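Across the two complexes that follow, subunit A remains constant while its partner is subunit B and subsequently subunit C.
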Partner chain A sequence: MADGKAVAAGPPAAVVAKGDAAAGADPALFTFAEFDRDAGERIGWSNYSYWRSTLHMFLRNRVALFLLVLLGTILAFTFLQPLLPNQRSPTLINIDPATGRQFRNLVPSAEYWFGTNSIGQDLWSRIWSGTRTSLLIGIIVGVVEMVLGIAFGAIWGYVRKADRVFTEVYNVLNNIPTTIVLMLLAYIMRPSFQTMVIAMCAAGWHGVARFVRNQIVIIRDREYNLASRCLGTPTHRIIMKNLLPYLVSVIMLQTALSIPGTIGWEVFLTYIGIGLPVSIPSLGNLVNEGRLIMMAPELRYQLIFPTIVVSIITISFYVLGNAFSDASDPRNHV
Partner chain B sequence: MSDGTDKLLEIRNLRVDFPVRGGLFTAVRDVNFSIRKGETFGLVGESGSGKTTIGRAIVRIAQASSGEILFRGRRINGRITRELDSEVVQKIQMIFQDPMASLNERAKVDYIVSEGIINLGKFKNEAERLALVEKALLEVGLLPEFASRFPHEFSGGQRQRIGIARSLIMEPELVICDEPISALDVSIRAQVLNLMSELQKSKGLTYLFIAHDLSVVRFITDRIAVINKGELVELAETEELFAHPLHPYTRALLSAIPVPDPILERKKVLIVYDPASRDYRTDKPAWTEIAAGHFARANEAEAAEYRRLLAR
Partner chain C sequence: MAKYMLKRLAQSVVTLFIVVTAVFLLMRLLPVEGYLGERYDKLSPEQREAILQKMGLLDPWYVQIGSFYSKLAHGDLGTSAIYRKDVPVLQVIAPRVPYSVRFGLVAMALSLAAGLAMGVHMARYKGRFWDRTWTVYIVLINAVPSAVYLLFIQLYGTDLLKVPLLFDKYKFQSWVLPAISMSLGGIAGYAMWMRRFMVDELNKDYIKLARAKGMTSSAIMVRHVMRNAYVPMAQYLPAAILATVSGSIYIESLYSIPGMGGLLVDVIQRQDNPMVQALVLIFSSIGILGLFLGDVLMAAFDPRIKFAKSEGAR
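This part shows the complex of A and B:
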């Protein structure tokens, strides 16, 4: 390039000299190029793959990557912790062999790392057990709601004839307060892990369906979808190939946010007394127990530990959801 | 000429309404025309006049509220049988206005191009499908290796050719071209137009070519219909329309075509169409054949005047 400029600017003698030098360097550069129509088409070649770019963009976000590893570690540890040596059962009431009384409200120590609760159970193992229960509820409910929400929302949004019926059903379901649905189901079935999961799914899936439906209504009349209709593509394939791939990022964000949301509901349900039975430790149970003795400053550790775990989970899912949503949006792919 | 046998598509009294807040909006009304086999039929009108709506009504994306659309003499709007439906899907295809919006960004060119033949099951095995895709891409001047790429890697002209390949793989008879070049860079418009006319010759296609200015369609169409606010105002052979425009709206459109001569261009008188200039209170206008093959929307008085004009 610099060479070319010099040639253009310099006196005629210099032109000849430089020209000769260049020709001597690489004669191939100065042969006549045949016109080649195919070569004209070969532009902008790249080896793009949607999922590879998504992964690449996601991995570039260090904070999100750290939180993903953190969450993964926490989830793995909740399963590993009971298998480690010298762990107490989360439901075991520890008795002082000397006095025969329970180790009540022991502050954290070398023996009881997170202390004990008001009836002498080991808070360390209760927190891990509770985190496992709550995370599992959150993830199962999130996935079930997503599957139901996508299935119904896609039909609701795309099949015009179904719109009326679905909207009516939604209005009915949506007008029943979530608390009432949860309370009713919790009463009808015995309080248990399954009851919790079923109740939460029943209360939340139609919200996801409406979300998906609205997203689909926004994109369903874009020209590329009309083109597919012109080609006679059946509805299910339009949904699978044309619509859902465009919604990956928003749906993942929604699901990621719903997991801490579900954990929050679990805490709330326990608070109003229809959550998991006391015999199953969960973050809801732990926060609730901590809340009862919150007034005594020296016992606040019983509230602080579970609150920290809930906060970490909530923030992690929030950041992860946003990071994934950004990464999976092809407009951000370079 | 109009003996009825060579009519590939016939539209009778077509009306299309869209539900809008507080009632219905009539995008297209009282539209009558027919397209002969092998010709290029131009449909010209300004933005919002209902051109796309007519095209979409033919491929049945927009529903006709009343009127008839006949393909090879058979009615294809409203309720039709499954066999006729899949026949029409195959025989009538559409090329879209905006190549940036009309390709599925999340699918590879391979899927986009073969979507139609997958729907029709027009191949026996994977190898045959790949061969069909390759042939379709080559026909529009694209390289077969593009099949494994995503649409966003292509230029506007290439994307439009992918769109053409996608519709031509169906082996259609009638192709509705909805302003196929207006979103393209001026430098590649001619290339796409030439490609389309080559394909028309080699495959014996019939085109309904939609455009918003007359200068583009003059050189590629056999006949032109001019549409204004959802109603056809004039229809004639291309040269006839340019030589003897009757309707004031057509004249206004013609006067808007730039002349590539600055002196003439400066002297040119722009005609502005004023719908209020005509009195339709007592004498209602209708779609009238003024001369053989030359139609205009006119009332009795205007029709008489138009006939006098043509006679001169």
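This part shows the complex of A and C:
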């Protein structure tokens, strides 16, 4: 083996392969490969690193990179905006000092960048405040769903005795359309931030659990896990050390996708009238306010601005989630 | 086969029972005063109590749930409290069923036909112009909240077709937009699935063998690829039914279609508890029925399914 390698890598072979004219004649071109005892000990080594390859693959995706920068800017701006000078409060009703009346439905101008709404609130600051609220809901729901989903999904997938029970529970939950669960829960609770979070978590966690369970069932009985079990590793340790690291990429994808989903549900529930109270600006509330006056073409800016923000955020999360999931798949690392 | 179906049916019935009970108990968490609605202020405390007593809302919960089951067994879903006061719920719902069913079926058919065609088209031109165009469509539909884009479809679509914003059952044109709106999500789902399926399947060895035998492309498609697509397609069907049901709630309300989905939104806004309860039960039953049908269809299509061993995955 060591010999073969040395010959293949050595300069003479390359020359033979390349040249043909006088190659056979000149003995100086040939040297014998020495037998190298140590070569057998040298291990083939590559500087492959999972996360570096993931990053590398991710950076190759131009669209995703652009959206990442865009989304990062928007997110940073969302949280920096209240700290900037000359920003109005999102709930302040602006009143004309001359006449004492509200600045209603002002079209976008230098003073009010995105105009004002039907009771004279500044749409610019409302949009950023609403984005903050909606993103916060999205992130909280995403994280809670993940934690619950992974915890239950891991037990469901790994502990065979629990499989039966979990499957039956899942079948019951999965039989009811998500929309109905959400509507029912939001309906019986008082409209508030907590209500939205609880309702969405309750409606979404079992989907994640099912997903994690399926992944775990696939890798549960691979040889390294069998070995681990034979050596007496406790179940929780196998789950934490052997199984979950395998799932990092898919879990990240699911979290990234749950954020646009949450924003969508929020818009929907607000439309029905069981979303957040109107006193809290959110993307759902803004879209709904815009919807109420959309029949007047000159006021459509109140619908279009929030829509643009919603679309940019949801599309970015969706595309980024998918791009990351592609990049983190080792089969794509070459 | 019969044994499997019976078992699956029993499972659905148990699920239905659990869902009915859970919904009933959840609805009992609401303050009973809600059942009085706008009359609340006009009534004296004694009158309120008398009315609630008559409705059976002050009984202990186990008495209430008992009478609820026995009424349900007789097909009585209760009476509306606010929306149309003292009219039986079923009477309110009955004239609305045809609209929902018609829209639902049209939307499902449309999404199946258009989605599969789109998926095949994408797989055929994989990596080229049409594939990319449809991919953009799928990303948009999946990422942007449907509550947002459907609004714009209504706003500009009605302008374009020159129809009134709200549904008019006598005008054929006003059936078009809601039906298309309801199928957009389904089209994206089917197309995405079909494309992946085709790309995977066309690379398999048995397709190569079929080509080597000299079969024509269309014969391969019909006799091999499509035949294999039935099973996963049946598997996807329940999800499509659930999605259509969910979508119909928003769209019916948006266009003021006199269907069940729009009704649910109405009664939630007006806080008519018995109506909400009845409609939630109906929608849940549709979901349960849809999943049952999906499983039965899958079993019928897939010769490989072993009925004896149906543990684990549903």
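Heads up, the rule we're going with is that the second predicted complex is superposed on the first by the 277 of 334 C-alpha atoms of A that agree within 3 Å, B and C clash if a C-alpha of one lies under 4 Å from a C-alpha of the other, contacts with A are read in each partner's own complex, and residues count from 1 in each chain.
The criterion applied here is as follows: a contact is a pair of C-beta atoms (placed from the backbone, for glycine too) under 8 Å apart; a residue touches a chain by one contact, two chains touch by 3 or more.
These numbers come from a predicted model, not from an experiment.
Engineer: Pick one for A:A28: touches subunit B only (first), subunit C only (second), both, or neither.
Structural biologist: neither
Engineer: For A:P245, select first, second, both or neither according to whether it touches subunit B, subunit C, the two together, or no partner.
Structural biologist: first
Engineer: If we overlay the two complexes on their shared chain A, which of subunit B and subunit C does A:E223 touch? Say first, second, both or neither.
Structural biologist: So A:E223 only meets subunit B here.
Engineer: Just to be sure I read the superposition right, which of the two partners does A:A296 touch: subunit B = first, subunit C = second, or both, or neither?
Structural biologist: A:A296 sits against neither subunit B nor subunit C.
Engineer: In the overlaid three-chain picture, which partner chain does A:P177 touch, first (subunit B) or second (subunit C), both, or neither?
Structural biologist: second
Engineer: Name the chain, either subunit B or subunit C, that contacts more residues of subunit A.
Structural biologist: C
Engineer: Where does A:P234 make contact in the superposed view: on subunit B (first), on subunit C (second), on both, or on neither?
Structural biologist: A:P234 contacts subunit B only, not subunit C.
Engineer: After lining up the shared chain so the two structures overlap, which partner does A:I272 touch, if you call subunit B first and subunit C second: first, second, both or neither?
Structural biologist: Once the two structures are laid over each other on A, A:I272 reaches subunit C alone.
Engineer: Have a look at where A:S311 lands relative to subunit B and subunit C in the superposition and call it first, second, both or neither.
Structural biologist: After superposition on chain A, A:S311 lies in contact with subunit C alone.
Engineer: Touching subunit B and also subunit C: which subunit A residues?
Structural biologist: The overlap between the subunit B and subunit C interfaces on subunit A is empty, containing no residue.
Engineer: Where on subunit C is subunit A touching in the complex?
Structural biologist: 11-12, 15, 18-19, 23, 26-27, 29-30, 139-140, 142-148, 151-152, 155, 165, 242, 245-246, 249-250, 253, 264-265, 268-269, 276, 280, 283-284, 286-288, 291, 311-314
Engineer: Please give the residue numbers of subunit A that touch subunit B in the complex, ascending.
Structural biologist: 37-38, 41-46, 48, 50, 222-224, 226-234, 241-242, 245-246, 330
Engineer: For subunit B, which residues are in contact with subunit A within the complex?
Structural biologist: 56, 59, 61, 85-86, 89-90, 93-94, 96-98, 101-107, 111, 115-116, 119-120, 141-143, 146, 149-150, 152-155, 158, 163, 166-167, 170
Engineer: Help me check something: in the complex, which residues belonging to subunit A touch subunit C?
Structural biologist: Residues 163-164, 167, 170-172, 174-180, 183-185, 187-188, 214, 217, 260, 263-265, 267-268, 271-274, 287, 291, 294-295, 303, 307, 310-311, 314-315, 317-319 of subunit A touch subunit C in their complex.
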